[in-house]
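Read through the structures below before going on.
Common to both upcoming complexes is chain A, partnered first by chain B, then by chain C.
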Partner chain A sequence: MNLVTLIFTIPLILGIAAIFIPKFLFKYGSVFAGITSAALVWAGIQAFPYYRLEALGRTPLLEGGVLSLSLIVLTGIFGFLITLYSIGHMEEKSSFFWSLFCWMLSSSALVFVAADIIVLMVAWGVTGLILALMIWQDGNEAVGKKTFIIVGGSDAVLLFGMVAMAATAGTMQLGEIVIKPGAPLEWVIFGSLIIAAFTKAGAMPFHTWIPDTAKDAAVPVVAALPASIDKLLGIYLLKKIFIDWFVFTPGKSTLLMVIGAFTVIAAVFMALSQHNLRRLLGYHAVSQVGYMIMGIGTGTPIGIAGGLLHMVNNAIYKQGLFLGAGVIEKETGTSKLEDLGGLYKNFPVTFLSFTIMAMAISGIPPLNGFLSKWMIYQSIVKTSNSGGVMWVVYLTAAIFGSVLTLASFVKIIHAAFLGQPAKGRKTHGENISWQVPALVILPLACIVLGVFPEQTVYPLLEKVTGPIAISGIYKPMMAAALLIFGAGFALLAYVVFKVSGYRISEPYIGGEKITPAMRVSGVEFYTTIESIRPFKKIYNFARKGYFDIYELLKEFVFYWIKLLRWIHDGVITTYILWVIIGTVVLMFGFLK
Partner chain B sequence: MEMIFFDYIIFPGILFTLAAAMAVSWIDRKVTALLQWRVGPPVLQPFYDFWKLFKKETVIPKGGSVMVFLLSPAVSFSALILVSVILLKTTLTSMAYIGDIFVVIYLLLIPSIAVIMSGAASSNPLASLGASREMKMVLSYELPFILAVCVVLIKTGGITDLAGIVAYQNVHGAFIGSLSGFLAFAVTVVCFQSKMAQVPFDIPEAEQEIMGGAMIEYSGPPLALFVAARWILMALLPLLITMLYLGGIHSALGILKYVGVVVLVILIKNTNPRLRINQTLRFFWGIVTGVAAVSIILAFLGL
Partner chain C sequence: MTLLPLIVLIPLAAAFIVALLDFIKDDFTRELAMDIVSGISILSALIISIVLFGNYGTYAMAGWKFPVGIILVLDGFSAPVLVITNFVALMCLLFSYDYIKKYGAKEKYYALFLLMLAGMNGVIVTGDIFNLYVFLEIASVASYALVGYGTQREEIEATFKYLVLSSIGTSFMLLGIGLVYAHTANLNMAYISEILASSGVSAGQAPASIYLAAVLFIVGFSVKAAIVPFHAWLPDAHPSAPAPISAMLSGVLIKTIGIYAFIRVTYIMLGMNTGVVPQVLRIFGSLSIMIGVLLALGQWDFKRLLAYHSVSQMGYIALGFGLATPLGIIGGLYHLLNHSVFKSLLFLNSGAVDYRLNTRNLKKMGGLSEKMPVTGTTSMIASLSIAGIPPFNGFWSKLVIVIAAIQAGHPLLAIWAIIGSILTLASFVKVQRYAFIGKIKDSLKNIKEATALMQVPMIILALACILMGLILVPSIREVILDPAAKILLDPSKYIELVRGAAG
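Let's turn to the complex of A and B:
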């Protein structure tokens, strides 16, 4: 089958067919989404031996190399895992969900293989529209509107940038575009395009739709779009803009690095103070984008490779974390951290899966999050050779951001899984069946990609960026082997000294009786930070929405609306007054 | 392959590291005793303590996760042995081994995570408070510590592997000799004091307030592993400081420098009262980070 059939025709037809599935057969619609996912994976795998998409037949509108192929395969795999998860997770609803799901996968794949500006624009716009429709489908009107306005607004900016770019470069073929430094409108085009990439990926200050969507939209929707595929889309476009279409200049690099560093730190500080599990994860979906931007912003092969790898890693563990949060929410009926606690016993699979991915996102070796962060650190240090001083700020932001990430995940693990259960929390166990593949495969991928990069990701990344030339020292396989061996050695000591014959006793707090009022939930872990200057003020501003571009825009629009309302008050005498004033102004104009 | 496991189990891995850590622990207790006009324990006292704990019964708190409770000390111990092997092999062979400074920084986070997880798995409000304090401590000292490491990176021109950093100092002189290097050294000593949870930063354990914090429920072999991890940390962090700022421990002078750093840590511990957690946060994100930032500026100026 040729490429167009696999990634466009099949999903389109299946999506249309899915509309006609009656509501009570909702779960069977998943077959359509499964076939679409399989079609994407199949397309990627078929072309992989040739490293070019053209192996599946030439079309003037589509092209792609290893990066595009990898992203199509990943989109297919993610689509498949989330489809399976949705069968177990979602209640009966309109099968239009599956139509949207099929089209979402298809339009994302089309973005990755678009050879032409029009194909890219249409496919890009459709992904944003589908996201809003998926949110609306669940009745989250306000969140859907916010997402649609921010993402749709950025699409309009992208359209402007693309048209200007095509005019400047004199071609619509994406593969042929090169904007040289000093070209007319260079910065305007660059700015417009990266605004779109940043909004989709969720970099600051265009991020504010993500935490809201993360909190309120259906879990499979969040896991599929803002957590994973939107990241692939945004960072793919960023890579295209910064590396392929524009010539590297220190000015553009600095812009990206500053935004990246700021995104990492600011978003993770917001995450620290959250009480809602999904909203907290949403802020991390923003924060991690900063690393990807910084990696690509260095412009070095190892940085670009690190940025792209972090994009993939983040898509894997962030998706898994949201799916884990979904299991908890479905069974306990809440995602408020203070109402959870002690879930490890009833949710063993979710706990283990969530913990591994939490460690991966915090960059703990030897998991995949550390590897990509480490590559990005190497690339940042490498930029010191060019004589700048800002790399210290970027490096500090990146490493410190990762410690802050750890802190917020420690909070989740304590509050949701290990700490004492909240009063009245439902205690029945995890009811998972179709959710298992995602909860097992995603953390396994975190381990495999982290421990065996030379056998898995390095060769692919080198095909995209050229030789990576790793300068630092990190042997993940050996580190992992020795870590496991050391822990095994300690456990052997447990066996020799008969720890298994342990005695269980009541927790001890100096002879006092532990009462429910003494429970430490974990959500209050960082109130110390929230109460010291200047954080107190910053958090207050954030809660009032001063950093939310949507709220600011709303204020601005409402201000003008208020003015217009004042003018249009519906009283006839006011209108007559305006007519007279207008006539006088016009007459003055003519008399002059 | 056999060589790797010999390195890991015997020298410079588990056995050697444990012995060295016990020696450092003995120095700690002896110097502390001398400062308090006591005689202090015999050389083998740390070993007796360690051995005694291994023979004691293990008690596990009701309602906590047994798996996490028992696994945490093992993971902490394992990560520290790996760091020890990295640092000592790098010193012995003058070649990079397994990981560079970033890998070491991240591996050194694992013992803190283990403490936090164990506190969370103890089903005890005091242990939970200890876990929360431990995490806030990590947040406090990591920021200035990263800046201090940046001073080293500025001076070496971006060499991240430890062997390279030591070799650079052997050619150009130890970093502590420069003003920026000295400030970075001072910042790192203060940061490591809190990483080791030594007074004045023993806030996560604070026996008089929260009775050992995350350690409150531990007994028997798991406690022995945590205690060993504490000793290893106390032996390793001065070694890392020596490698980063004092030119490593290749010579007798190098070993003297190392012992000097250990004694400095013990002196700070014995002459200061404990801070509160909010004071610590303000102290590290304020003064210490400020000094670290000054040292960075000085390093860029070549001072």
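Let's turn to the complex of A and C:
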């Protein structure tokens, strides 16, 4: 079967067929999504030995190299895991969900292999539409509205950028486009294209739809789009724009680095202060994008490789974290951190899986999150060769952001899994069935990619970016071996020195009895950060929506609306006056 | 070509027949007879327009030869507009069968409806400027009556405003025709075009009276097309009419007697397809895009919101034609066709909601998709189309307009159009969010879906929204859109067509 059949025709037909599945057979619709995922993986794998899509039959509208192929395969795998998860997680609802799911995978894949601006724009726009429809399907009217306006608006900006770029470059073929410095409209085109990429990926200041969506949309939807596939889409486009279509200039690089650094820090600060597990994860989904942008923004092979690897890593663990949060929410009925606590006993699988991925996102070696961040740090240091001191700022932001990420995940782990259970929380056990594959495979992937990069991702990345020269003495396998050795040594010491004479005692607090009301939920400590002087103001402004581009533009637009309504007073003489003014103006135009 | 006059005659005759059917005493029989007569007449007009499509030529009325008599012309520009007008009319009529029962006086309604259609078809096919004016007045007068059809206070007020402003426009047109006639001593548009071309209109050498006439025509047709700053009547008039009539007015009337006649008269008859006229279209079009959409964003009245969007979308069409490049004209015409379909669909949706809920206030709706799935789904499709979301038809025509604007060297206009498009999206996302998405309100638990006869046209129009993207496929585009661009950019082709066929 050729590529078009696999990634377009099959999903389209399956999606249409899924509409007609009656509601009570909802779960069986997953077969359709599963087949679509498999088709994507199959398409990628078939072409892989050749490293070119053309191996599957040439079409003028589609092409792709290693990066495109890998992303298709990844999308297929993610789709498959989330499909399985959904069977266990979702209640019966309209099977249109599966139609959207099939089309989501298909349109994402089409973005990765588009060879023509029209194909890219349409597929890109459809992914945004599907996101909005998926959010709306669960009845989240307000969140869907905001998301659709921001994402759909950025699609319109992309349309302009693409068309203007094609006009400047003189071709619609994406593979042939090169915009040289000083070309007409260079910065306008660049700006509009990266707005689209940033909005989809969730970089600041176009990120505000992500925390809202993360909090309210169905978990499989969040895990599939904002957490993983949207990241792939946005960063893929960013790489295309910055590396392939535009010629590298320091100015553009600085722009990306500054936005990236700002995103890392600002979003992680917002994450720290969240009380809702999913919203907190949502802010991390924004923060991590900053690293990817910084990596690609350096324009060095190692930076690009690091950025792309971080994109993949982030898609893996962020998706897994959301899925884990979904398991908790389904059983406890809440994702407010204050209402959780002590879940590790009841949710052993989720706890283990969540902890590994939390470590990965916090950049703890030897997990994959550390590896890609390490590559990005190196690329930032390398930019110091070209002079300037800004690299220090970027590097500080990156490292500081990583520390704060760790801090906020310590908060989650403590508040949700450790600590004492909240009062009145239902203590059902873990109820997972179809969710298991995702909860097991995703953290395993974090470990494998972190420990064995030479055997897995490096060869692929080098095909995309050229040789990656990693300096320093970090060797993943050695680091892993040392860590395992260290842990083993500790265990040995524990056994040998018989650290068994311990006892478990109740905490003593001045003779008072511990009541659930005295529980430390793990959220309180971080509230102190909010009351520190400059932060207090900033957090306050953030809460009022002063940093939300959506709210700001809304204010601006409604100011004009007020003005226009004032002159539309409904009095017929006013309207006749306009006609006369219009006529006079025209007369001047024609009879001067 | 002998079929061409029938496209005007059939609805015209049917209008009088329907009015006469009032003599039937039995309610059921009378209504059925009127439904059948009006339905068949519009269906046959639609079939004729499709049969004649691509079959360009002329028909001399009563055998009077060119340039003396009235000549009907079917060319590359009129053919697609003719098809879409009759198609939308048929859909609106189907919708009216049940909908208009709550207003009563069906015979008057149908008669006016058919009269309006006859007027529009006449405007589209006529080759005579005075004849165009007459048909335009027929369509306008019928529409005045239809806007005030409910005879409530605000409906009468709306129709009064519409009447006054429109009359200013039409008197300007008549004055313009007089000025042109004084110079050319003829009313045939092809003939006038020939004379004016030889007197050097485009080079600015023609007498000042011709340029004055151009101003008068522009004002007159802009009032009809509701282009800013001549748009003020529309937001009152369109929402006040019964829903299928709103659909007709916004969907096709402002296009046929507005922008179509505007382009026909200025580009072809006056031969001013370069220079100031396109510039005026671009400027007024851009103003319309923004002012229309901004006012729409602040609206909570469903139909008023749609009416303001008509102003905004007319701006896109004007912008497309105003670029005066082949691609720009293709984009403008394409958007005209698309807008006819999705805007009439949206007005029918609002009618279906109004029919069951008796309200146009978005705040009183909520979660309607649950109880009205057909209305909800079709309105979603139409909203996505008008917002320019791929793969629906509105996306493609806006894309063509943006490409054309950039190619013609107006990137700022392209950005302007994009901003308008984002605001349009915002506005329709709001409509969906408040009216259709989510959990249904408790007070609305007992509502039902619109009747089957009302669902059918909505479904057909929604399918059209999905399928019309295919018009851009090169082999189809060459048949539907390209001929219009050729004829508008080179009026001598039109003259050739009229002369060649008429001898």
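Simple rule for what comes next: the second predicted complex is superposed on the first by the 548 of 592 C-alpha atoms of A that agree within 3 Å, B and C clash if a C-alpha of one lies under 4 Å from a C-alpha of the other, contacts with A are read in each partner's own complex, and residues count from 1 in each chain.
Note that in this section a contact is a pair of C-beta atoms (placed from the backbone, for glycine too) under 8 Å apart; a residue touches a chain by one contact, two chains touch by 3 or more.
All values reported here derive from a predicted model rather than from experimental measurement.
Looking at the overlay, does A:403 come into contact with chain B only (first), chain C only (second), both, or neither?
Touch status of A:403: first partner only.
Touch test for A:589: chain B only (first), chain C only (second), both, or neither?
It touches chain C, and chain B stays clear.
Answer with first, second, both or neither: which of chain B and chain C does A:565 touch in the superposed model?
second
State whether chain B or chain C is in contact with more residues of chain A in the superposed arrangement.
B
What residues of chain A sit close enough to touch chain C in their complex?
On the chain A side, the touching residues are 118, 121-122, 125-126, 128-129, 132, 136, 139-142, 144-145, 148-149, 152-153, 155-157, 159-160, 163-164, 167, 185, 188, 557-558, 560-562, 564-565, 568, 570, 572, 574-576, 578-579, 581-583, 586-587, 589-591.
Considering the complex alone, what residue numbers of chain B touch chain A?
Going by the criterion above, the answer is residues 4-5, 8-9, 14, 54-55, 57-66, 68, 70-71, 73-75, 77-79, 81-82, 85, 96-100, 102-103, 105-107, 109-110, 113, 116-117, 120-129, 131-132, 135-136, 138-139, 142-143, 146-147, 150, 153-154, 157-158, 160-161, 211, 216-217, 220-222, 225, 277-278, 281-282, 296, 300.
Please name which positions on chain C make contact with chain A in the complex.
160-161, 164-165, 168-169, 172, 208, 211-212, 214-215, 218-219, 222-223, 229-230, 232-233, 235-236, 276, 279-280, 291, 294-295, 297-298, 367, 384, 387-391, 395, 398-399, 402-403, 406-407, 411, 414-415, 418, 421-423, 425-426, 429-430, 432-434, 437-439
How about chain A: which of its residues touch chain B in the complex?
Touching chain B from chain A are residues 342, 344-345, 359, 363-365, 370, 374, 377-378, 381-382, 384-385, 389, 392, 395-396, 399-400, 403-404, 406-407, 410-411, 413-414, 417-420, 471-475, 478-479, 482-487, 489-491, 493-494, 497, 499, 501-510, 514, 518-520, 522, 524-526, 528-529, 531-532.
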